[in-house]
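Quick one: this structure, given as structure tokens, is what I'll be asking you about.
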Amino acid sequence: MKATFKIFRYDPDKDKKPYYKEYTLDVEPNTVLLDVLNDIKWHYDGTLTFRRSCAHAICGSCGMTINGKNRLACQTLIKDLDTSKPIKIEPLKSYPVIKDLVVDMNKFYEKMFKVKPYLVNDNPPPGREFLQTPEEQKLIDEAYSCIWCGCCTSSCPSFWADDDYLGPAALLKAYRFIFDTRDTLTEERLRIVNDADGVWRCHVIFNCVEACPKEINITEYISRLKLKVVTSKL
Amino acid sequence: MSLYMSPKYKEQVLDRKRWFEWDYKWFWGSFAWVLHRLSGWALVFYLLLHIWVIHHLSRGPAAFDQVMQAVGTPLFKVLEIGLWGVIVYHAFNGMRVIIVDFWHGSKYQKQLFFIVLFLFVVLWVGGGIIMALHMIH
Amino acid sequence: MIHFHYHDVIIVGAGLAGTRAAVEVAPVADVAVISKVFPTRSHSTAAQGGAAAVLNNNLKRGVDTWLLHMFDTVKGSDYLADQNIVEYFAKEAPKAIIEMEHWGTPFSRMPDGRISQRDFGGHQRTRIAHAADRTGHALLHTLFEQSIRLGVKYYPEFFVMDLILDEEEGDYVVRGVVAYDIRTTELHIFQSKAVMLATGGGGRIYKITSNAHEYTGDGFGMIYRKGLPLQDMEFPQFHPTGLYPLGILITEGVRGEGGYLINSKGERFMERYAPDFKDLAPRDVVSRAIYTEIMEGRGVGPKKDHVLLKIDHIGKDAIMEKLPEIWKFAKTYTGVDCTKEPIPVMPTMHYMMGGIPTHHETGEVVADVGPDGEVSKVVKRLYAGGEAACESLHGANRLGANSMTDTIVFGRRVGKHMVEILDTIKIKDLPEDVGKEQEEKIKAILSRNSGEKVSKLREELQETMWENVSVFRTEEKLIKALDKIKELQERYKNVYVEDKSTTFNMELKEALELENMLNYAEALVASALFRKESRGAHSRVDYPNRDDEHFLKHTLAFKQEGKEPLIKQRNVVITRFPPQERRY
Amino acid sequence: MSFKSSGNSGAFAWFYQRITGIFLFVILLLHFTIMHFTGTGEITYENIVGRLSDPYWKMLDLSFVVFALYHGLNGIWMAIQDYVRSEGWRAVIYTILVLVGVFLFFLAAVTLIPFGLK
């Protein structure tokens, strides 16, 4: 089966402006899109550039906008895409582009760091593990599985409009620690998300949930954060 | 930040950010939100107009009847049917948003949105017919 | 333009081993971590099943002790592990895991709130601490996050090309590393008091592997190219259950939770190969069993080239709770719903037991051994950890879940050791011409306009390794592979790239990686040729028995320019458990 | 006045947007039904003035105005924060919104309150 891939290209060394380049090649319905990109890079056009590592949706490197939707190339099969038209592949929306499909995620990381993404527990550690029941663990079970791919934040209209918005991934990270029964920095974390550019910029648009390759119900956790903020004394 | 970044590389990146990414895929959630935002703004402008109109009451019956005549033309009546649609949409989608935020409705947000759309169509058409009938009378 | 940086400690690699060491050093010294991918993209994040440690939280199969853990590991290693190292490991493992919990790792829990543990192959007790089936992700993120808290500096997307070595009082000594910024292709020289290599393994020399695209053994290559030895490279581990046909890993945890393998006749064939441990036998045993089934015609599928892993009988809820990622992998990549049908699997290249040899006390990299088989020379202040290192914990075959514990136990040890010595070290100036060689190398690759394509050479290497150096080996095949590698090394001298850009030039990086791959592949095959016996993961059809008399020794391979690698043997440390026949 | 401080973070706006939303849901639908669907709602001066003389109706209509104004203008303020990044412009717009709100409330109050009190 033949399919055409229309890929965003930009190399600051030689291009003034980005452009799209089309590649047509043989694929199977079960071919993983990342393998198609590798195939292009290794056999047709060595200059095509993208990030990838694990090849099975766990390292978060290969987030890109595929047919207008953010997803991981290594988790997208050709059969999930409409091959009757060229398949459009762009770098993740709204992040600056370094080259081709490689984006600069520093802003994203900065926000992750802003919510103090590390467990703080001021109590003297017991001689063994902190106890946490399976129910308590379930609260954060889904939230901690975020792989920092950035698909969600890049898909959020609030983030498009407002660069400073913390964004779904960082809010999810904040949730993961605020609702971790072992963490004691709750109040400070709540203050961080309770900012004009924090949790209140979320208008429950759900683009983030649609984009998240780990199928995390991010909006749910953001909503819980909002409720927690308004019901806490800050 | 503790991530090293070469100064050279900062100059090179291509900024392609826009305030709205029109060619991003439209999911139900974005539809719901854009319509909610538009309907909210429309309602505010209507509210301003409405208060200004009603305010003529305090100037006595004559003044009031005069503006009522201005806004009583068929054009305004038809617009009123539109207003009803805007209200129904905003009201029910607003409730959807509240259910999501307050009562863990996020899992069912799509179903809730379909219910909103359904109620919107039924109530708008139903209400619209009644209003149209009043108009004809 | 060449940039200079100084940090007290440089760590190459931001996986579990590297970040664990960084967290240890950060409170007392200036530490920087260099990684060719953003830290959380390191391959450790892909580890699924869990980390082994004696916590005694799940007594289903009896009370656990560090001695039992030690015994299982030594037996699993086919007695090639250094037992002093294994003892240290088994004793430290619980502390290391508890520490990780205190830092926030979201482990799965027992009903009473303690860390949940599960079964794994080759372990007699239920001792695998886990966070669902994304334990590596949970551990790596915890360490990265804590390191951010401690202000560790990161150089993400920097490719380390070489070590800066020097000589001092008869030993080598490390002065820093040469790296280039992948985003700008500018050269950076890092000077430091101590360096740790935590660059992970190198499964990408094989065609089918569970390893990441970035897993190209750069640490191995860096060491080997410098004429330093690699140890026990003949033992790459083939994981029995890679998702057919892609090779993506299906964790041993599936069998730990009650899954089992079946062949085309529906037989639970592991009962024949390992009557006691059955499907929970160590990986070398299970992989050989699967290959034997396939060779004897009992494989499934049109090509009869794989087997099936059944898990649906434990119930949908249990699968969704304990193995959510596995369910998704199978569903996404093969369309199989493992709550209803068995998963198609086949062995996949998974782990490097061998690697950079380290000194058993200081953890420093070994530079040579004497004729008596004892370490005679080290590279001072150069450490190795994680999969890149061969502390010789895993011997000839690693037990599942020992590797993640390995990374944190020995990452921690390296960190502690660095902290102890830092104050005593004086910094010396680097040589004038530092970085010139590497600059030339990059220039040469970029300026060539025709020649050999990187991807072509790499594919030939992967094909050769998969055909000739996988689970079952023969002298003939190994010689064929070695000749091929020699040929590829020659052709590599003429390698070129299409991408001439100095911004994020992935092709250039692949070219540099390929050089490393061709180097340690050579060491691997030469070591395998040398070891004329079958032990652990190394099965020679022509020498089917274990030969303790000649080969109860580590293999060290040294590069010799223009010649076959030089092989030396290093003694194995045996303290508590003398070698026995290995039955499961 | 800082428009980013935690006191003005948006928590209050978010919460009361929802509370007023729920209230408006009931009262607005009721209002529209009465005015347009049931026969009672012929919009003439007498009709309206008659209803406004009833203190309960008066209370209800007044609170309706207050809630609708708060909700509508607060809603606009929430949206403005998405698009307007500069502190200065935010302050200007905020002030305008408050002034508009106060003025319209004044207009509505002088209209609604006097009826029936004479």
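By written order: A, B, C and D. Residues from 1 in each chain.
Everything that follows uses one rule, which is that a contact is a pair of C-beta atoms (placed from the backbone, for glycine too) under 8 Å apart; a residue touches a chain by one contact, two chains touch by 3 or more.
The structure presented is a predicted model; accordingly, all values stated were derived computationally and were not measured.
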Contact network partition after chain C is left out of the picture: one piece
Innermost chain, taking as reference the mean of every protein Cα atom displayed: A
A-B compared against A-C, more contacting pairs: A-C
Between chain C and chain A, distance of the C-alpha-averaged centres to the nearest whole Å: 28
Mean-CA-position distance for chain C and chain B (Å): 57
Centre-of-Cα separation between chain D and chain C, whole angstrom: 65
Contacts with two or more other chains, residues of chain B listed in rising order: 2-3, 9, 12, 19, 37, 97, 101-102
Touching two or more other chains - residues of chain C: 148, 183, 503
Residue list for chain A, restricted to those that touch at least two other chains: 12, 98, 109, 113, 161, 163, 203, 226
Pairs of chains found to touch, sorted by chain label: A-B, A-C, A-D, B-C, B-D
Residue ranges of chain C touching chain B (in the complex, touch as defined): 3, 148, 151-156, 158, 181, 183-184, 186, 503
Touching residues on chain A, where the partner in the complex is chain C: 11-14, 30, 32, 38, 41-43, 45-47, 49-61, 75, 77, 98-100, 102, 105, 109, 113, 116-121, 125, 128-134, 136-137, 140-141, 144-145, 147-148, 176-177, 180, 182-183
Contact footprint of chain B on chain D as seen in their complex: 18, 21-22, 24-25, 28-29, 32, 36-37, 43-46, 48-49, 52, 65, 68-69, 72-73, 75-76, 79, 83, 100, 104, 107-108, 110-111, 114-115
Parts of chain A lying in touch with chain D, wherever the complex brings them together: 158, 161-164, 191, 194-198, 200-201, 203, 226, 229-230, 234
Partner chain C, residues of chain B touching it in the complex: 2-4, 6, 8-9, 12
